[in-house]
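Look at the two complexes coming up: subunit A is in both, with subunit B in one and subunit C in the other.
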Partner chain A sequence: MEIRPILSAILRNKTGAILLAIQIALTLAVVVNAMFIVQQRLKFIGRPTGIDIENIIVISSQGFGSSYDHEQTVFSDLELLRAIPGVKYAAHISRFPLSGGGSRSGFTSTTDSDAESVGANYYFAQNGTIDALGVKLAAGRDFLPTEILTGEQIDNGVVASSVLITKALAEKLFPDGNALGNLVYGGTGDSSRVVGIIEKMHGAWVSWDGLNQVLIFPGLRKDSGQRYLVRTEPGQRDRLIPEVESVLEKASVSRYLDRMEPMSEMVGRSYDNDRVVANGLIIVIVLLVSITGLGIVGLASFLVRQRTKQVGTRRALGAQKYHIVRYFLVENWLITTMGVVVGTVMAFGLNYWTATEFSLPKLDPVFVPVGILGIWVLGVLAAAGPAKRASNISPAIATRTV
Partner chain B sequence: MFFYNLRLAWISIKQNVSLNLLMVCAIGLGIGVSMSMITLYAMMSGNPIPEKSDQLFAVRIDNWDPDEAYTDYQGRETQPFQHSYKDAMVLRSSTIPLRKAAMYKGYFVVEPANDTVAPYGQVVRMTDRDFFAMFNVPFIYGGVWSESANDLGERVVVIAKETNDKLFGGEDSVGRQIKMGEHQYTVTGVIDTWNPLPMFYDLNNKAFGDAELLFMPFAIISHSEFDRAGNTNGWKAERINSHEEFLNSENIWIQFWAELPDAFTQDAFKDWLDSYVLEQKKLGRFPRPLNNALDNVTQWLEVNHVVPDDNRVMLALSFMFLAVCLFNTIGMLLARFMGKVSVVGLRRALGASKFSIFYMHLVEVALVGLGGGLFGLLLSYLGLFMLRESVEGIEKLATMNLPLVLMAIALAIFASVLAGIYPAWRICQISPAHSLKTQ
Partner chain C sequence: MLKMNKISCVYQTDLIETHALRDIDLNVKAGEFVALTGPSGSGKTTLLNLSGLLESATSGTYLLDGEDVSSLSDRQRSSIRNEKIGFIFQSFNLIPDLNLFDNVDVPLRYRAMGIEERRRRIENALELVGLSSRMKHLPSQLSGGQQQRVAIARALAGEPKFLLADEPTGNLDSLMARQVMELLEKINSEGTTIVMVTHDPELARRAHRSIELLDGQISSTQLFGVSAEEPDEKTEAESVA
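Presenting the complex of A and B:
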C-alpha cells in the first residue's frame, strides 16, 4: 500500500483536506449526539402504557346551571354510550391518564408516621373503569358496585373501603410482595384495603419518574366536569366518534362537551416536545450527512481533476485501474479518519456539555462506533464516483500537455 | 467601486451557475436550520414587559415540608412557586409595595344571554384590582372594579376585547351583566387584546399560553366556592372536607406579585417578609429555614426555566450545522476561485492591487451569501410552518418578525463573508506573472 506517498500528497495540499476533516469532525459530533437524543426520545415516547390507547375515545362533559345533577348525568350518559353498537366499554374516571392533569399524594403501608411515603397519582373511578382503560389485573378483582362512594360521601370524608394499585406502586409500598389484601394509608392516616393489583398503567405526567405509580379509589366525585372513556372494538374508533358525539348532544342535559377525541391524540400532545425534538434532529442528521457527503464528492473530484496528468503518467507506467481507484479511496479514507478522530473527541465533549449544563443523559458510547462506521461508509460511497472517473483517465494523457 | 464589483460578481457567478447554486444551497440550509431554532429561542426568551420588568417582583416564601425542599416539575429544589390562602391574605395587606396583586385561576361556565352563543367554559383570572395598572393592561371601555368591590369580593368582571365581541358584539358593555354559574357578574371594564409572551405572571401550567379573557376579584373565594384551574400543591397531611378547611390549609395555589419601584422599597419589603415569616415561626408555622425570594420578571423567567433546555441544545446543534455548511462553502469557494487564477493574474498584471482583488471577491461571496440568506429564509419559513402544524399552541412562537428576517439575511451575508475571507486571501496572492506564463 502506498500510504506514505498518499500522506505526503495530502500534506502538500493541506487546505482542502483540513476543511473536509473539520466538516467530518463536526458532523460526527453532531450526528452521534443527535442519534443518541433521538433514540432516547423515541424510547421515552414508545414506553408501553398498559392502556388500550388506540381504541379509546376520551370525552369531557361540563355541566352548568342549578338543575345539573352530576350523578344522574353520568349514569344516563354511560347507559347511552354502552348501547352504541361497536362500543365495548364505557366508563367514568376523575381525570384522564397521560393527559398532564391529575392529583398525586403520598401513601404508606404502615401507620408509622416516620415511614417514608411513596408518591402516587390517584384517581376516582367505578367498577368497569379498568375494562374501559384496557388495563389488566395481575391479581385480585375489580371494585364491587357496593364499594363506590358517592360525591356526598367523599365530601364528608368517608374513606374508601377498597383500592386498586398498580404493580409498580405495590412493589414500592410492599417490597415483600404481600400487597393484595393489605391496607394502604393516606397522609391523614385513613386506610383502604388493596383488592386488586393492576399489571401496568401509566398515570398523568409523562415526565414524572413515578409515572407507573397509580392508585384508584372507588368513587364518583361531585364535579361539574365529568370525564368518560369509551373503548371501542378495534378499528371502530374513528367511525364511532361522530356517533358518540351526537348521542351525547341529544341527551337533554345542561352541559356542553369540551373534549371529544381519540385518546392517542391527547397522549400525543403530552409528548409533543419530545416528538418535535426527535423529528427535528432526524432532519438535521439527514441534511448534515448529505452536505458532508457532497463535501467529500467535491474534494475528491477536485483532487482528481488536479492530478489528471499524474494519473495518466502512473497508468502509462503500468498502474492498473484498481491501483488508481485504491489510491483515491485510501486518500479519502485517511482524510475522513482524521476527521473521525477529532470528531470522536468533540462528540464526547459536546455530550459532556449537554450532560453537565442541561442534565441531559450521558452518551451511550455505542453510538460512537456506529457513527464512525457510518462516516467511513459515507466516505467510500461519496469518493467512489470520482475515483472511478480517475481510473478511466487514459494513459495517453501523460504524453500531452494539459 | 462597489457597484462595479457587484456587476463583476454577477458576471462571475453566471460563469459557473451550478457551483454557485450549490453554495447558495449550502448557506441556505445552514441559515434555514439555525434561523428556525433562533426564532423559537428569541420568541421564548423575550421580555414580556420591558418597560418595568425590573420593578415587578414575584414573591415567594418557603412554607414547605420541614423534611424535604419543594421541587419544581423537573426535580430541582427551589422555593414554592405559590402561596397558601392564609399567607396570601397577609401579603395582600402589606402597604409597602406601590401596587400588589394576589391571583389564581377560577373555572366558570359562561351562559350567554344571547341564544346564538352556546354556553362555554372559561378560565378566569381571579386577582386584585392593581393587576391592571401593575402589568400595564390597556382598557378600551370602563376600568377596574372599585376598592370596596375588591375588598368584599363583589361579583364584578373585567372582560377582554374577544369576550366583549363574542357576548356584546363589541359595544361598550360597561354595566351589562354576564351569567356564570348561579350568579350574575357586572362588567366594569373591557381591556384591549393583551397577551404577554411568555405569560410571566403565572408560569405554573403553560409559559406560552394565552392570557385569560375574564378577570374577577380575588376575594370572591372568601365567600363562595367554585371550581379552580391551575395547580394546588400540599405537603402537610390535613383533613380537608369543606371550603373553610381548604382556605385554612397549608395548600399552596396562589401567585403573588408586587411592584417595588426602587431599592429602598425592595429592601423594606424583603425585611417585612422576613419579619412575617419569623413571627409565624414562633407560632409553629414555616418549619423550614428562612428562605424568601423576590425575583424580578427576568429572574422569574429564569427560575421557571421558561426556555426549555431542549431548545438550548437544539440551538447549539443548529449552529454546529451552520458551521459545517460554512466549511463546505469554503471548500467550494476555493475550488471556484482556483478556476479564476488566470483572470486574476491578468488583472494583477494590469495593475490591480491585492486589496482590490480581495475586495472584489468578498463582494462576490457576499452576493452568494445574500442568495443563501433568501433561500434560508424560505427554508426557515417552511421549518416554522412544519412546527406550527405539528405542535399545538406554538403559533405565537414559531413566527418570524421583521427583526428576525433581517437577522437571517445579515447572518447569511456575515457568515458567507467570513467563509470567503480565506479563499479571497488565497486568490489575491496570485502573482501577476502567472497570467503571462502558461497560456
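Presenting the complex of A and C:
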C-alpha cells in the first residue's frame, strides 16, 4: 500500500481535500445526530400501546332533539354493532385513548391528604370495554354488569365501587405490589376498589410522561354524544367500516355520525408532529449524504482528470488496473477519514449543544460508528466510478506530449 | 531482444482509417542501441509504444526477450512493462507531488519487493545519475536535465532488460542533452538494450544503428557503431542506405 506517498500528495494539494473533509465532517456530525433523533422519534411513535389499534374502528356521534335518549341509544347501537358478522367486540367509552383528548386527575392510595397524588387519565366504560380495546388483564377481573353506574347515578355523586387501573399506575400507587383489592382515592376523597390490573394501556396525550397511567371507572355518563370502539376480526376492519356506518345510519335515532375511522388513523394524527420531525430529518440526511456523495465524486473526478498523464505514466511503468483503482480509493479513504475524525468530535459537540439547549437526549454512541461506516461506504461507492475510469486510461497517454 | 514481424497499426474512427505503421519488420539484439528517426507523423512514437507494450498492434507478431507478446492480456502486459522495460519520456513524466525517492520508487511498488531491496535500488539508481544527495527534493526543485536524470534513475531502478526513450533530450538545452546522452551511452555500455526516438540526427548518429521511418514504414537504416551482438542482417539488409 502506498499510504505515505498518497498522504504526501494530498498534503501538497490540500485545498480541495480540506474542503471535502470539512464537508464530510459536517455531514457526519449532522447525520449522526439526525439519525439519533429520527430513531428516538420512531421509537416514540412505535411504542406498544397495549391496545389492538390495527383492528379497531372508532365511531362517535352526536344526538339531538328532545326525543334523544343517551343510554337507550348506546344500548341499541351496541346491540346492532355486535350483530354485524366480523365484529368481535363493541363497547362504549367516555373518550378515545390516544386521541389527544381526555380527562386527567390526581389519585392516591391513602386517605392522607398530604400524600403526593399520581396523575392519571381516567375513562368511564362498561364491562367488555377492555375486550373492545384489546388490552390484557394482568390480574383481577373485568367489571360486573351490576357495577356499571348509570348517568343519573354519576350525576348524583354515586362513586364507582370498582376500578380498573394499569400496571404502570399500580406500581406508582402501590410500590409494594398489592394494588389488587386495595382502594384508590380521588381528589375528593372518594374511593374505588381495584378489581383488575391492565397489563398496558396508553391514555390520551402521547407527549405526556404519564401516558401509561390510566384508570377505567364503570359507568355510562350522560352525554349528547356516543363514542364506540368496534374491534373486528383481524383484517376485516376496512371492509366493515361502510357496513358499520350503514347500520348506524339506518337506526332510527336522532343523531348524526361525526367520526368513523380506523383507530390507527386517529392515533397517527396524535403523532403528526413527531412524524413531521422524523420525515424532515430523513430528508435532511438524504440531502446531506447525496451532496457529500456528489462532492466526493466531483473531487475524485477532478483528480482523475488532472492526473490523466500521471495515471498513464503509472500504467506505463507497470501498474495494473487494480493498482490505479486502489490508489484513488485509498486517497479518497484518507480524505474521508480526516473528515470522519473531525466529524466525530463535531457530532458529540453538536449533541452536547442540542442536549443543553433543547433538552434532547444524550447521543447513543453506537450511532457514531454506524455513521462512520456509512460515510466510508459512501466514500468508496462515490469514488469507485472515477477510480474505474482512471484505471481505463491507456498507458500510451504517457508518450503524448500534449 | 526485440523481434517484430509484419507489424501494422491502424487507428480507426467512424470516418477515417489511419495506417500508423505498415508491415514493420524490426530486430533489435541484446545490448544494441537503436535510434528511431523520421519526421513528425512517421510512426516513431507508435513503434515505440508497440515496443513498450503501451498499445497493441493491429496485426503481426512481436517477440520480446523470446516471448510472444502479441496477444497478452492487459495484466500480463503490465507485468512485462514493469519487469523488463524501462521508460524515459520526453517530458520526464515525474509525479510532481512525490520527492525523488518516491518517484523512483513508483515502478518498484508494483512488484512484490521488500522495502530494503527497494531502498537499495533507489539509492543506487539515484547515485548512478548523480542525484543521491537530493532524494528528498521535489521535481519542481530540479532543472530539466536533472529531472530527466531522475526519470532515467526510475527506469534503471527496475533493472530492465531494455530501455525505451522517447525524445529523451527533446525538452533539454544542448548541454543537458549531451549529459543525458552520455548517461544513456554509459547505461548501454553496461549491457542494457536501448531504443530511442529522436529528431536530432546528431544524437541518432551516436546510436549503433539509426532506423528512419516514413509514412509508417522503415525507409532506411544506417549503421554507426558496433553493438554487443550484430543485428539481424537479413531483416535489415534490404533497407540499409
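Keep in mind that, in the parts below, the second predicted complex is superposed on the first by the 400 of 402 C-alpha atoms of A that agree within 3 Å, B and C clash if a C-alpha of one lies under 4 Å from a C-alpha of the other, contacts with A are read in each partner's own complex, and residues count from 1 in each chain.
We adopt the following convention: a contact is a pair of C-beta atoms (placed from the backbone, for glycine too) under 8 Å apart; a residue touches a chain by one contact, two chains touch by 3 or more.
Everything quoted here is computed from the prediction, not taken from an experiment.
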{"item": "Simultaneous placement of subunit C and subunit B on subunit A, clash or fit", "value": "fit"}
{"item": "Subunit B versus subunit C as contact partner of A:178, first or second or both or neither", "value": "neither"}
{"item": "Touch count on subunit A, higher of subunit B and subunit C", "value": "B"}
{"item": "First, second, both or neither for A:310, with subunit B first and subunit C second", "value": "second"}
{"item": "Partner chain in contact with A:321 - subunit B first, subunit C second, else both or neither", "value": "second"}
{"item": "Superposed arrangement, angle subtended at the Cα centre of subunit A by subunit B and subunit C, nearest 10 degrees", "value": "100"}
{"item": "Touched partner set for A:111, first subunit B, second subunit C, both or neither", "value": "neither"}
{"item": "First, second, both or neither for A:356, with subunit B first and subunit C second", "value": "neither"}
{"item": "Subunit B versus subunit C as contact partner of A:294, first or second or both or neither", "value": "first"}
{"item": "After superposition on chain A, the shortest CA separation from subunit B to subunit C (Å)", "value": "13"}
{"item": "In the complex, subunit A residues that touch subunit B", "value": "15-16, 19-20, 22-23, 26-27, 29-30, 33-34, 37, 62-66, 155-157, 186-189, 205, 207-209, 223-225, 254, 256, 258, 269, 272-273, 275-277, 279-281, 283-284, 287-288, 291-292, 294-295, 298-299, 302, 350, 353-354, 357-360"}
{"item": "Subunit A to subunit C touching residues, read off their complex", "value": "2, 5, 8-9, 12-13, 309-310, 313-321, 323, 394-396, 398-399, 401"}
{"item": "Footprint of subunit A on subunit C - complex, ascending", "value": "45, 48-49, 52-55, 74-75, 78-79, 81-83, 87, 89-91, 93, 95, 97-99, 102, 105-107, 109-111, 154, 158, 166"}
{"item": "In the complex, subunit B residues that touch subunit A", "value": "22, 26, 29, 33, 73-75, 109, 111, 118-121, 181-182, 227, 236-239, 241, 308-310, 312-314, 316-318, 320-321, 323-325, 327-328, 330-332, 334-335, 387, 390-392, 426"}
